[in-house]
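Okay, so chain A shows up in both of these, paired with chain B first and chain C after.
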Partner chain A sequence: MRLSAGEIWTGLVGAFAVGVAALLPLFDQGYYLALALNIVLYAALCTAWTLFSGPTHYVSLATAAFFGLGTYAVGLGLDYLPFPALVLAGGAAAAVLAGLVGAATLRISGVYFVIFTFGLAELVRQVVSYAQTKLSTRMGLYVFTDFTEKHIYWMLLALTVLVFITGWLINRSRFGFAMQIIGNDETVARHSGINTARLKIILFMISGAFIGMAGAILAPRYAYVEPPSAFNPMISFLVVIMALLGGTLRLWGPLVGVIPFTLVMDFVSVRFPNDTSIVIGITFLVIVYLLPDGVTGRLEQLLARIRQPRSHAEPAAVKEPA
Partner chain B sequence: METIVTGILLGGTYALVALGLTLQYGVSRIMNLANGETLVAACFIAFWLFTSYQVSPLWGLLVIAPVAFVVNWAIYMLLLRPLVDRAKTQGMLEVDSILATFGLLFMFQGLMLRGFGGAYTSYAFLAERFEIFGTFYGLNRVVAFVAAVLISSALYLFLYRTRYGTAVRAVAVNPNSASLVGIDVARAAALSFALGGALTACGGALLSTYYTFNASMGVVFTMKALIIVIMGGVGDVRGAVIAALILGITETAVARLIDPGLTLAATYALFTLVLLFRPQGIFGRQQA
Partner chain C sequence: MTAVALSVSGARKAFGGLVAVNDVSFDVHEGELFGLIGPNGSGKTTMLNLISGALKSDAGEIRLSGTRISGLPAHRIARFGVARTFQLVRMLPSMDAERNVIAGAVFGHQRLWGAPARDLARELLALVGLRGREHVPVVAMTYIDQKRVELARALASNPRVLLLDEWLAGLNPSELHIGIQLIDKLSRQGRTIIMVEHVMDAIRSLCGRCLVMNSGRKIKEGDVSEVLSDPQVVEAYLGDDDDA
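Up next, the complex of A and B:
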């Protein structure tokens, strides 16, 4: 594998950042750890979301469904299997669901996909609740483990790194190249012999599997798992907002949205607990009208404008209208 | 039999809501995910008119529908028109309008939570018995159904028997060709969006007479309306009505026979069948 100097530098900076982040639990075990845990959780979720929704531009709202399945896998299997196996099982369950949803909708058109994922979490919640009332007498599941916040934090950090490495490997493979073509023009992709539906379904499954694993890792934090909390549709919307706020043109784009927005939501939910949906609504409108490519997209635009004078020596005819 | 009648009565209101959405998506090309919030707002206004001023929800429609028309028209002109103008492709407009209406969804939901609180609300309007085929049904459900039928018929007459209605249908089929024959597409789109909002609001006001509602249930109704619209074929009025009745009956049957908690699962089962076998809708023609 040949790496460019830029890639080596990015890798070193990334490794350093992860190393610093991993030291946090040694200094604080209370408020800041809880906050950092949320940030790492959404970093993993948003980056996994961007793996699929970045290149395809399909707004997936299935996050809560995948996440809840992962949580449930741990709740159901904790007495029988070791925890790591359950995390994998949660990922596998989410991937299967993603495959089914993808097979039903991704062959047709993007709108149907959005609509289908729109109510997916609620659907899975209803089915799980129904199955639980039929098969057992209790509504919830207890998840008792020896894990504390710092273990969950480290596991989520490791998962985030794994998502990043996967995304990077996909981007430099034939698969990633094909996805890029699909994102730019699907008709062109189909005419150059790319099986667009199959690639999209596979990518959706990979993205879903990571989200399911994140849900599984977080299960011990809840201690008590029941359908309304595990399949909370808000998770889906928060992931979409943070990822789009950061920008989905780059793999690390969502990070730029996750950190500030988690802090803002933390502030708002403490000070104005009844107005969280108004804040979310305004953020959506800001993204659509002011930041269509997210913060990173806007920054790159500015950088390009600053660099513009230098590249004037070249013929300036190729510039596309912004 | 009882299940089928109850289902059809419910389907009448669904049809009205879905007709609103099919106009907004089929003609204006805006996937309005805040549609359910219009419905919930209408529920609350009907409730407020009835409890504070003793205005019957049926007379209330005369206030609610024009207000919804104006508000939706303003939303289209101020917020959605710029998106239509800047979109280079249909796909871009879809993504933009989905995200923008998400924003509106949360804004309206938050405002209604502030204004009315999160509690379930209902009021007693015409809570009497009414006999159909030897079984008793709530009179309010029957009256709501009759009103829905009247409003839908008026819409049908407008779209199929008037000159401007024909123009609106032409925009639904193909906006580019419509502008070639001298139709003001931008105006037709704005009007359809406003009209769609008014229809949905009528559906909400009628629904509030027999249904327990709260500020955050809009999303569920948007979901149902979306599925009805796809099932009936986007922009197809007759298809939407039939799909709404099918959904109403299926939902009632599942709630009665299996479990009331599985109504959304029933909706999804229908949706999946449609996607697998007739993605162009019941009456839709195969697209080239």
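Up next, the complex of A and C:
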């Protein structure tokens, strides 16, 4: 595998950033670790979400369903299987659900997909609640492990790195190129020999699997898992907002949204605990109206505008008839 | 006579009560440049959509090199060796010319990747007259240049049959001249091409044989000069607007 100078630099900077982030628990085990854990959690979720929604432009609100499945895999299996196996099982369960949803809905257009995925997440939550009250006497499940916050933080950090590496590998593969073509023009994609339906389903499954794994890793933090928290629809909405704020055109785009948004959310939820929803709503409107391609998309537009006079002077001017 | 490349027999497609293609049959031979003509709304583009798999036929059979392709999804037909351009040019707007052409080389009848795909894309861009413009974003290109990119993309899969849907439409007279020369060059290289076209001069100068459709039906098939002087064909055109 040959790497360009830019890729090596990005890799080194990324490795350094991850190294610094990994050291954080050695300095603080309280407030800052909790905050950093939220950032890393949403970095993993938003990047995984963007793996699929970036190239396809389908907005999925099924994040909570995948996340909750992962959480429940841990809650249900903790007495029987080692934790790493449960994380994989959570990812697999989410991938299966994503595959079913994809097969049923990815042939229909974007708007219906949004509604369907939202309805699905709610349905899964209700089904789990129902099953739990019928089959057991409790509303939730206890998750007792030896993991402390720093362990969860390190595992989420590792997952985020894994999501990034996967995304990078996809982007430079035929699969990633096919997804770019699909995102540009699905008709051209089909007539160029791309099995568009199948590739979209596979990508949705990969994305869902990572979200399920994030849910599984986070389960020990809750100690007591119940449907309203594990399948909280707010997770789905926050992921969309943060990813769009950062921008979905680049793999690292969502990260640019996650960090400031998590910090602002933390501030808002402490200062105005009763008005958090209003702030989220306003933020969403602002992003959609002012930053349709996110912060990174806006930056790239500005960069292009700065570079434009130069690139126009070269080949284009020769061709243009006087 | 050379071998049959594409064989259509009894093709039919209806949209509700409107029968857009009604029992149409024809054969196209290897290396032939075959014209598909007719007034507006006569079913030419629908016929092309049936061949490329954009639409599924209601009845009849389409065979490519002897293998039945009707009923297959569009991507399988593309992999088997049918490439097409579109009536309204379709670009991949976020990419440059070279990436647009590579898109045709990776997943279709011929599956290249990496340097071979890039080399082929450059070669084809040079063939269609865009040498040195590989890295121009397609959104910054003129209409004819976009059409050239689209043609190069279709060629990049090295298709058994190339379908051109009014590829010459919308070009000004000097561009039209260049376009006709380009198609002629492809034909001389031995490409099997089916072209739907309104520009009669192009059909006359390029095609050996052609098929005329009217209201979904085949009304005439044969040598171009013979077909175009046929009274029935003349009437079909004169009954319509000034396409002829």
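Note that the second predicted complex is superposed on the first by the 312 of 322 C-alpha atoms of A that agree within 3 Å, B and C clash if a C-alpha of one lies under 4 Å from a C-alpha of the other, contacts with A are read in each partner's own complex, and residues count from 1 in each chain.
The rule is short, and it goes like this: a residue touches a chain if its C-beta (ideal position, glycine included) is under 8 Å from a C-beta of that chain, and two chains touch if they have at least 3 such contacts.
Just so it is clear, the structure is predicted and the values come from calculations on it, not from any experiment.
Applying the stated clash criterion after superposition on chain A shows that chain B and chain C can sit side by side. Looking at the superposed arrangement, the partner reaching more residues of chain A, out of chain B and chain C, is B.
When both complexes are overlaid on chain A, the residue A:30 reaches neither chain B nor chain C.
Look at A:180: by the touch rule set out above, it reaches chain C but stays clear of chain B.
When the two structures are aligned on the shared chain, A:275 is found in touch with chain B, with no touch to chain C. Of the two partner chains placed around the shared chain by superposition, chain B is the only one that A:119 touches, whereas chain C remains out of contact.
Once chain A of one complex is fitted onto chain A of the other, the partner contacts of A:130 are limited to chain B, with no touch recorded for chain C.
Of the two partner chains placed by superposition, only chain C is touched by A:193; chain B is not. With chain A as the common frame, chain A serves as the apex of an angle whose CA-centre rays point to chain B and chain C; its value is 80 degrees, to a multiple of 10. Of the two partner chains, neither chain B nor chain C is touched by A:19.
Of all Cα pairs spanning chain B and chain C in the superposition, the closest are 7 Å apart. Shared contact residues of chain A, touching chain B in one structure and chain C in the other, are absent. Looking at the complex, you find that chain C touches chain A at residues 52-54, 73-75, 78-79, 83-84, 86, 90-95, 102-104, 106-109, 113, 132-133, 135-136, 140, 145, 153, 157.
If you check the complex, the residues on chain A that touch chain B are 57, 59, 104-105, 108, 110-112, 114-116, 118-119, 122-123, 126-127, 129-130, 133, 233, 237, 240, 244, 274-285, 287-289, 292.
Remark: chain B residues 31, 33, 79, 82-83, 91, 94-96, 98-100, 102-111, 113-114, 219-220, 222-223, 226-227, 230, 259, 261-265, 267-268, 271-272, 275-276, 279 touch chain A in the complex. The touching residues of chain A, when paired with chain C in their complex, are 174, 177-178, 180-181, 183-185, 187-196, 315-316, 319.
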